[in-house]
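Same chain, two partners: chain A is paired with chain B first, then with chain C.
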Partner chain A sequence: MIEIILFLVFMSCGFIFGQLAEKRHFKSIVEREQQLNSLPVVASRYPPEDTAYHQQLVSGSVVVASDYFKSFTAGLINIFGGVVTPFESLLDRGRREAILRMKAEAGKLNAELVFNVKLETTRIATGRAGAIEVLAYGTAMLPVDAGRANAINSSSANDLSAIDSAPVASGSVPRR
Partner chain B sequence: MRYENRQAPEGINVTKVNPLVQFLKFFIASIIVVVLIVVILQVAGGAIAKRIPFKYELQLMDTVDPQLGTTGASREMIAYLNDLAFRVGRELPVDEGISVKVHYSTEEVFNAFATIGGNLLFYRGLLNEMPHENALAMVMAHEIAHVNHRDPVASLGGGVASLIAMSMFTGMSGLAGDFFNKTYSFTGMQFTRRMEETADEAALGAVNALYGHVNGAGVLFEVMGEIKGDSEAIPDWLERFAVTHPLSNDRVSAVRILAAKNGWSSEGETTPLPADFLLWLNRD
Partner chain C sequence: MLISNLEILPDHRIVRHLGLVQGSSVRSKHVGRDIMASIKNIFGGELQGYTELLHESREEATERLIQQAQGIGANAVLNVRYSTSSIAAGAAEIFVYGTAVELAQRD
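Coming up: the complex of A and B.
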């Protein structure tokens, strides 16, 4: 009896709080996406060749946990197969949040673009708890003037960041 | 060159479903699947296991040689219990080749059970609560009936088959695995409960044949109800579903109904336990 009650409590809490958290998160994501929309994020490996840029690695990562209801329902779907819809929204939130964090970092550096953006997803939770980490990283393209100013401010602050000393100019971009 | 990110339409990466409807659909479907698996494997596994000749059970127990009962426990008690088993067994339609051996454990556990190879184990905790031989004979007959119905081997066969299937099933269902294990246990309990009811009926007939009445036979279940206590916090319908044995109250009623149905007398003098019974009981 106590197990049935606990199960119902966990499922209800997972459903109610999970849905609330998700709605709130999506609302925040949409707002910030609009705010940061002026900073393009491009998957291409080839940056524009008509302007001189400094380049800097920018990244954003997020860890999002599943809730009891989602994990339970996903477990049921695993038996029969099909689209694991409870995790679709979880991954969508993770990807968008990671890109937003990366964009926020690039925005602080006054980057004009972020190039060669990649996403990595990892399941990090142990046991049966479900949580994912999504990492977005790319090359922020900083106009030469902005890059010089940021080099002084941020190269010592962020170990992951590395600014090329030579600006990338037209015709000097290595192609593979 | 100009780059821009257009806002993608909201929700294109998430399938639109009602999570509650989706959950209910899969929940009900998986319960049906689990119940079907367990029922099929319990029935099939049990039926196949029952076809294994009893002599193999004996051979298995000889090979495994498990320690049943307490070493050095009262010999008189063991002899008395085996004598009672012999007397009760004569009144039961025991199949040819089936034999029972009674073991005695001095642990204070209110229980007795039948296992593979016709081995019965009686605990001091149960014997201590027996008011007269009629009640003890009912327990004895009940356990012998289990052996005769090949319930221990059927439980083992059906249980192992469904356990293997369930471990595969739950292994891929993550958090829902625990729930499936519960569903499996509850479904399995329906089988053991049926075995218990059938054994009760056979045992009551044996007690009636042995003593000429069934007075005192139901005492066992009354004592059981007092000691184990059918939970008052749980509704009866739920408890009936979630326990391996029928509820004590239900068994007391069943004794009355069976006696009336078969014309067995519910009145008669009970047979006392041997005079030294308590002495044997308290000897380690």
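Coming up: the complex of A and C.
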């Protein structure tokens, strides 16, 4: 009896708070995506050749948990097979959030674009339900002037070495 | 030390290839955090404790990668990749690897 009550409580908690959290999260994601829209994120492997840039690795990561309701519905869908929509939205939130955090870090460095972006998703085991970690990383291309300003101000672990802070005038990279 | 996930750098020449360098780190949070995380799993939402944990872990792995690269006389690590695997409940391994190279400015 107690188990049934607990189950119902967990289900309704998961449904109400989970949906609420998801709605709020999506709203903030859309807002921030609009703010950071001017910073392009590219998956191309080769940097542009016509402009001078400094570069620095930037990353963003997030761990999002599934709620009880999502996990249970996903379990039900799993019996019959088909599209597991509850988890699709969870993964979508995670990916977009990770990219946004990476963009925010690149934006702080005054980067003009982020190159060679890779996304990685891992399932983090927390009890019976799931949580996922999404990591987005890429190379931020900083305009030479902003890069120098950052090299002076930067006290982070990713400090720019002599090579990195030397002005880079591209143009002679062989096309592949 | 320049860390980049690009394979070639504009206006730099690779003088020497020094091979693969790597760094890894396995970390976990204390039980309190794990319990909080499992409660949060009913309600859904971000698990900030774990976000933080993986971030720290990634920094440490990168630090080890840099140390290894410095040890063999590299001044840059190119084509860096991260990978994460959860090895037990509440513990994750972060692995980072890349190619250590010696770069010189192209004239």
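In this section, the second predicted complex is superposed on the first by the 158 of 176 C-alpha atoms of A that agree within 3 Å, B and C clash if a C-alpha of one lies under 4 Å from a C-alpha of the other, contacts with A are read in each partner's own complex, and residues count from 1 in each chain.
Just so we're on the same page, a residue touches a chain if its C-beta (ideal position, glycine included) is under 8 Å from a C-beta of that chain, and two chains touch if they have at least 3 such contacts.
Predicted model only: the values in this text are computed from it and were never measured.
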item	value
Touched partner set for A:131, first chain B, second chain C, both or neither	second
Chain B versus chain C, judged by how many residues of chain A each one touches	C
Chain B versus chain C as contact partner of A:73, first or second or both or neither	first
Contacts of A:7 with chain B and chain C, given as first, second, both or neither	first
First (chain B), second (chain C), both or neither touched by A:42	first
Touching partner for A:92 - first (chain B), second (chain C), both, neither	first
Common interface residues of chain A - those touching chain B in one complex and chain C in the other	48, 68-69, 71
Interfacial residue positions of chain A with respect to chain B in the complex	1, 3, 7, 15, 19, 26, 30, 33-34, 37, 39-42, 48, 50, 68-69, 71-80, 83, 85-86, 88-89, 91-92, 113, 128, 130
List of chain A residues in touch with chain C within their complex	10, 13-14, 17-18, 21-22, 25, 45-49, 52-53, 55-57, 59, 61-71, 97, 115-116, 118, 120, 122-127, 129, 131, 133, 135, 137-139, 157-158, 160-161, 163-164, 166, 168-173
Touching residues on chain C, where the partner in the complex is chain A	1-12, 34, 37-38, 40-48, 50-51, 54-55, 58-59, 62-63, 75-76, 80-86, 88-90, 92, 103, 105-106
Complex contact set, residues of chain B against chain A	1, 3-5, 7, 10, 13-15, 17, 19-20, 22-23, 26-27, 29-30, 33, 169, 172-177, 179, 182, 231, 233-234, 238, 242
